[in-house]
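Mind looking over this structure? Questions follow.
We just call them A, B, C, D, E and F in the order they show up, numbering each chain from 1.
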Amino acid sequence: MTATECPACEASVVVDDAVLPNEIVECGDCRSELEVVTTEPVLLALAPTIEEDWGE
Amino acid sequence: MTATECPACEASVVVDDAVLPNEIVECGDCRSELEVVTTEPVLLALAPTIEEDWGE
Amino acid sequence: MITAAVVGAAGYLGGELLRILLGHPAVRVVRATSERLAGRRVDGAHPNLRGHTGLTFRPMSELDHYDVLFLASRHRETMRVLPGLLGHADVVVDLSGDFRLADPELYHRHYGVEHTAPGLLGTFTTGLPERYRDRLRTADRISVPGCMATAGVLALAPLAEAGLVEGEVAVDARTGSSGSGASAGPENLHAERSGAFRVFAPLGHRHEAEIAQETGLAVRMTATGVEAVRGVQVLCRVRLAEGVAESTVRAAYRDRYRDEPFVRVVAERRGLYRLPEPKILAGSNFCDVGFAVDGPGGEGLLVAALDNLVKGGAGNAMQCVNIRFGLPETDGLEFAGLHPS
Amino acid sequence: MITAAVVGAAGYLGGELLRILLGHPAVRVVRATSERLAGRRVDGAHPNLRGHTGLTFRPMSELDHYDVLFLASRHRETMRVLPGLLGHADVVVDLSGDFRLADPELYHRHYGVEHTAPGLLGTFTTGLPERYRDRLRTADRISVPGCMATAGVLALAPLAEAGLVEGEVAVDARTGSSGSGASAGPENLHAERSGAFRVFAPLGHRHEAEIAQETGLAVRMTATGVEAVRGVQVLCRVRLAEGVAESTVRAAYRDRYRDEPFVRVVAERRGLYRLPEPKILAGSNFCDVGFAVDGPGGEGLLVAALDNLVKGGAGNAMQCVNIRFGLPETDGLEFAGLHPS
Amino acid sequence: MITAAVVGAAGYLGGELLRILLGHPAVRVVRATSERLAGRRVDGAHPNLRGHTGLTFRPMSELDHYDVLFLASRHRETMRVLPGLLGHADVVVDLSGDFRLADPELYHRHYGVEHTAPGLLGTFTTGLPERYRDRLRTADRISVPGCMATAGVLALAPLAEAGLVEGEVAVDARTGSSGSGASAGPENLHAERSGAFRVFAPLGHRHEAEIAQETGLAVRMTATGVEAVRGVQVLCRVRLAEGVAESTVRAAYRDRYRDEPFVRVVAERRGLYRLPEPKILAGSNFCDVGFAVDGPGGEGLLVAALDNLVKGGAGNAMQCVNIRFGLPETDGLEFAGLHPS
Amino acid sequence: MITAAVVGAAGYLGGELLRILLGHPAVRVVRATSERLAGRRVDGAHPNLRGHTGLTFRPMSELDHYDVLFLASRHRETMRVLPGLLGHADVVVDLSGDFRLADPELYHRHYGVEHTAPGLLGTFTTGLPERYRDRLRTADRISVPGCMATAGVLALAPLAEAGLVEGEVAVDARTGSSGSGASAGPENLHAERSGAFRVFAPLGHRHEAEIAQETGLAVRMTATGVEAVRGVQVLCRVRLAEGVAESTVRAAYRDRYRDEPFVRVVAERRGLYRLPEPKILAGSNFCDVGFAVDGPGGEGLLVAALDNLVKGGAGNAMQCVNIRFGLPETDGLEFAGLHPS
C-alpha cells in the first residue's frame, strides 16, 4: 500500500502496490476517478468525467 | 391486576386493581375503548366510538 | 348566459365547480356560498382562481334565483338544507351523497343516520350521462354519483348490461386525499397521510350500494387511501359468463362507449400506461376504463380511473348541466390532462 | 387555420406543445416528428392525448412546409438540425437552449461545446412576451428562454428595470423531474429521484447567463432537484437600493404586470399560498411572482413559480406564436391550474 | 465472527444486505461483488453506508470461501451462476426467484425460460422462519421467498393451516418502486413512475405460484405499482369456512404468531393505523398482518405489509442465517421503523 | 440502567425519543407523559412501537424522579412547565426552543412573547456535542438546538471557526412536514402540504438567531417547506476570505470532523449523491456536510442535511445524554439510514 495525494482535492489516497499504469482508482474524499500515470513512484492524474445533464 | 375478557375481541385485558367504574381502558389487541361497568368483578363494556369519515 | 350558484363553494368540490364554471363559455357564476368564509374572497380559498374571479363568498341566506344551483356541501348536512333551496333555481344539482340512494333504509345503513327528507329521494335523476343522458335532458333535480361509484359503474356497465358477468363482484378502490375534503381531521395530516396505504374501508364501503343499485350486481367493496391528492382507481374482479372470451369483452366496451365524449377504453398490450390510472387524468373529465381477462369463462379484472373532483364530481355535474341546457356536452370540460404529471 | 409542426415531439416539451396545439382554436398540428418513434402513434408516448389525436410520429426527413415550426429537440443537437429546417416554415420557434445566448463564447462556457451555427445566434428574438411583445409581432425566429431563466427574469425585471436593486443577485432555483426530459439516466430513476433534495448545480447554473443577459444584473445561481414532476420555483435574494420600501416594491410589480395576461403578483399576508409556488400551476401558463422585503434599503426576497413545461416552455412558445399571428394572446392557454393538486 | 460475502452487492437488495450485515454483532462482511462496478467503492453505490465501510466491489471471479454467501443477483441469471458458487461457502442463501419453486415446469411458466439447474431445485429450504424454523437450523441452501409472496403467505397461513378458509383466494398486491431493482428501465423514470397506480400484473402475477405452494390454496393475484419507494401491502380476499366468526379469526392469528419476533397482529378498532401498512415499516424486519371479517361464514379481508427489501428480502435472509448459525434471531434486525415517515 | 422519562411523549419528537430510548442498551424508559392521551397506550400514538413497549401515557402530574428527563413539549409552553420539573431528574434535557437563546430580548423578538423564566436561560448548556462535548460531560441542564440551526451551525462551523469566511451568510433552509409537529393546522393538511414549495419564512426565520449565536456570523435565513415528511437541508451562501481555495475548505472540513461519529463530509465529484441530502438520512443520527466553492476568494455554497427528528432533535439529545453519562456516544444511534428510501 502506498499513500499518495489526490490531484483534485489533496486528500491522501492509498493505492495497492500491485496497481498497474492506466488503472483507475477512486479518491475516498472527493470520489474523483484517478488514472495511474506511473507506478514507481505512484503518480495519479484526474481521469476525464462526463457531466450529468439535468437539462432545464 | 385483574385479567378479564375484551367484549369486542375476546382478548385478555389486564385491568389495574385501582380502576373505578366509568373509567375507560383500552384493549391491547383490538384497541377498543372499554368502559368499566362494575369493578367487583371487573366488567367491561364497549364504549361508543365515532367513525372517521373518509368522505367520498 | 345561464346563471349559476354554488352552495358549499369553499370546499374542494365547490372550488372545482367554480374553476369549471368560470371557464365555461355559456355560464356565468353569480354566487358562491360559504358560511365559514362569508365576506372573504373566493380566490383566497382557491388560489388557482386568482385572476379569474373577484367574487366573494356569501352565506346561503343571501341566495337569489338562478338557472342552476349546485350543492357541494357535506353529506348528512345537505339533506337538511336542500329542501329549503329548491325554490332558488330551475335546476338543482346535488353532489353530496344525500340523494343518491333511492331507498332511505339503505341510506341509514350506509350513512349511519335517518334521512331527513325521504320524500325527495325519488325525485332525483342520477347524474350519470353514460346511463341517463335522455332523462337528464329534462331533469330538474340531479344527484351526481360518488366518485368511486362512478368509476365502478362505468367499469362494470358494459359487461353487466350485456350479461357477460356472473356472481358477486369484488371492487378494490384506491383514492387520493382530496376525496376527504378540505375540512378533514388528523387522519389527513400530511405526515400521517403521506405515503399511506390506508385500508380505511376493508369491507362494505358505502359506494357498494350505489354500484349495486346501478349495475344490478352483488358488490363487495374495499377502499384504500394511497399517496395522491387527486385520483380514484377501481379494480373490479369478476367471473365471466360461460364462453365469454377477451374479444367479446373488448367489443362490449368498444360498442358501449363508442360515442361517449368522456369515456376512453384503455387496454393496451404495450407502453407504460396499459390500463387506466388517474395520474394522467388530474383536471380532466375522462373516466378511462379497461380490462384484462383470462381464457373464456375465466376471471376478469376491470379497471377504471378518474379524477374524483372532476368526472367523480364537478366535471360530471357540469356535463349533466350541459345536457340539461342543450349545450355542447364538452363545454367547459376540454382540458386533456397532463403527461407527465 | 394556421398549420404547425413539432420537431422532437416525443419528448416532454414536445408532448406539451401537442397538448396545447390540439386544444387551440386557430391552429392545426399537421406533423409531429420523432426519429426513435417514427411510425408509432403519438398517443402511445403521450397517453393524455388519447382521444385527441390520431397522428403518428414521422421522421424529420418527411417535413413539408408549415406556417410555424416548433423545435423541442435536445440542446447541443438542435443547433445542428435547425439550420436545415429554416426553409420549412414561415416562423421557427426553438425551445432548446441553443439559440438563447447572443454570444457564442458564453454558449461554449455553459454548454461545454462550440456552437455550430454562431452566425444564426443574432437572428433570434427572445420569446418572452413580457419583455419583447412588440418585436415578437414580426419575429420569424423565436428562441424561448429556459424555464428557470423565465422565472428568474420575471421575478427580477420590475425591480431591475426600475433600478431598485443593487449589487449581485443570488438565485436559488428548485425544479421537478420533468425538467430533465424523457430520456434521462439513472439520476432520474424513481427510487433515486423520489424525495430528493439534489443540489445538482451548487454554483454557476447555466441559466445564470440568460438571466444576466436579460436583467443586466450580476447573477449567481444554484439549482436543486426536489420532489415534484412539474414545477420550478426561484428565490432571488437581492439588496434593495437606498430608501426603497415595501410599498415601492409592490407598486413596481403591480405596474409592471398590470396588463400581463400570464403574470400574477402574489405577495399576501394571509392564507396558505402567500408567495408563488408551482403546486397550483401545473398545466397553466401563469408565472406567479411575489416578494418579501426588509425595512427600506434592506434585503429583498423575490419569488417566482411556473410550470417548466408550460410558461417555462411550450405555453410560453404558444403565447409568442399567438402574438406573432395576431391571435388572442390567451388562445389555447386558458387552463387555470388545479387546487388542490 | 462469521464471514459473509454478497454476490450482486451493487443492487438494491445487495445494498440492504450490506447495511444489515455491517450492523450485525457476529458477522463480518468480507466480500461484495459487482461486475459492473468492480474496483469502485461500495459506498458510492450505497451512500447510506458512508462511514460504515471502506469495501470496494470485486468481480465474482475473485470469490474465496466464506461461512455464508448471499446471492442478490437477478433472477434468470442467478440459476446460471449459483451452481458454480456452491463450493465457496458452507451456507448459500439465494434471494433471487430462481430456486423458490420446487417444480421446473412452474418456473418455466412464470419466468418464461427453462430452468438451467433443475436438479438443484429440490435441495433448497424455503427461507421463511415462520414456517420452516426447524429445518432452517440445519439448512445449507436457503431460498428466500419473494417479497409479495412472503406477505401473502404470512397473511394467509393462520387461516389456511387451521382450515378456516374455503375456495379461491384473490390477492391484491401493491408495491413501491424499489421492487424493480436498480437497473430498471423507462417505466421507472421518476416522471412516469411518480404518482402511478400501475396495474402491471392484472392477473396471474408470478408470486401466485409461491403463495399457492406454501398455503395449499388456489390463488389469483393482481399487482399494482403505487407511489412509494419501499413497501409492499397485500390484501387477500377470502371466504371464511362455515361458522367461522371474527373471534376465531383473531384467535388464530394471535396463537399462530404469539412467539414470532417479526410478525405483529394489527387489527384495531381505533386510531389511524388500524390495519397493516408499509409506511411505518421502512427499514424494519416486521411483517404486520391483520384482518377484517363479515359475520360468521362471510367474507374476510386479510392484510399484510412489509418492507420489500427487509422482511421481503435481505432482513428475512438475515433472520434465516441467524437461525442457521444459532444466533439470536433478532441480531442485526433491531430497527423499529419510523413514525412519522 | 439509567432511568428516563419523556414529557410531551405524544408528539413527533416525543415518539422519536421513545423509539431511540427503547432501543438503547443502557437506558430504561419508565415514564411517558401526555395530557391529551393520558391513559392511552403509547403504541397507539406511535404505531412503529408496537411490540416494543406496553407503556401507557400518564399526565405530567404523575412524574417521579428519574436519572434523566427529556422535555419534548411545545415551545412557549415549555418555559412554563420546566421550572417545576427540575426537581424530578438529575439531568434535564429540553428539546423545545425555550432555553436555546441566552438573551431574553432575542427570545421575545423571535417567539413573540416574554420569556417567563429568564433567570434559567443562562443555566443551560447547548446540546451540540460537536461544539460542547466537554461541557456536556458534566451538564445537568441541556438545551438541544433547533433542527435547522444544527444543520446551519455544522455547515458553517469549520469555516467560521477558522476565519475562512467574510461578511453576511445567507441561509436557505428546506424542511419536511414533520418539523411542524403532530398538532399542526390546515396548512399541514395533506392535500395542501403535498408537493408544496412553501416559503413560510421568506426573511428572518427564527433559527437565524441560534446560528448567529453559535457562529458569530451575521445570518439571514429563509425557510421553505417542501415535499417530505422528515428531513432538513440548508444551503449557506458565503463569501470566502481572500485567497481561500477549495483545498483549504476541504481540509478545514476534514480536520474539524475527523473524529466526529455523526458528521460526514460529503462533497464528491461523481455519483448521484454528491452533496448532502436528507433522503438517505431518515432515522439516522448523521448530519452530512459538504461544500462547493468558486476560485480562491470567491463564493462558497455550504450544504448540510439531517433528519429533523433525529440529529435535529431526539438523536442529538440522546448523543448528549450518552456523553453526560459516560456511555459510548453511538449507543442507541446505530441505524445507518436507508438507500433507496
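Keep in mind that, in the parts below, a contact is a pair of C-beta atoms (placed from the backbone, for glycine too) under 8 Å apart; a residue touches a chain by one contact, two chains touch by 3 or more.
Because the structure is a prediction, the values reported are computed rather than measured.
With steps allowed only between chains in touch, the distance from subunit D over to subunit E comes to 1.
Compared on C-beta pairs in contact, B-F and A-F come out with A-F as the pair having more. Farthest from subunit F in terms of Cα centroid separation is C. Comparing the CA-atom centres of all chains against that of subunit A, the greatest distance is found for B.
Centroids of subunit C and subunit E (each the mean of its C-alpha atoms) stand 38 Å apart.
Computed from the mean C-alpha positions, the centre of subunit E lies at a distance of 35 Å from the centre of subunit F. Contact of a single residue of subunit A with at least two other chains is seen at positions 31. Shared interface positions of subunit D, i.e. residues touching 2 or more other chains, are given as 12, 178, 182, 184, 186-187, 191-192, 194-195, 229, 272-273, 340-341. Partner subunit F is touched in their complex by these residues of subunit C: 12, 176-178, 182, 184, 186, 188-195, 229. Residues 8-11, 29-33, 49 of subunit A are the ones that touch subunit F when the two sit in their complex.
Taken together, the subunit B residues at the contact with subunit F in this complex read 24-26, 28, 31. On subunit F, the positions that touch subunit E within their shared complex are 12, 15-16, 19, 22-23, 44, 46-52, 178, 182, 229-230, 264, 266, 270-273, 280-284, 286, 288, 334-341. By the touch rule above, subunit F contacts subunit A in their complex via residues 246-247, 250-251, 254, 265, 267-271, 274.
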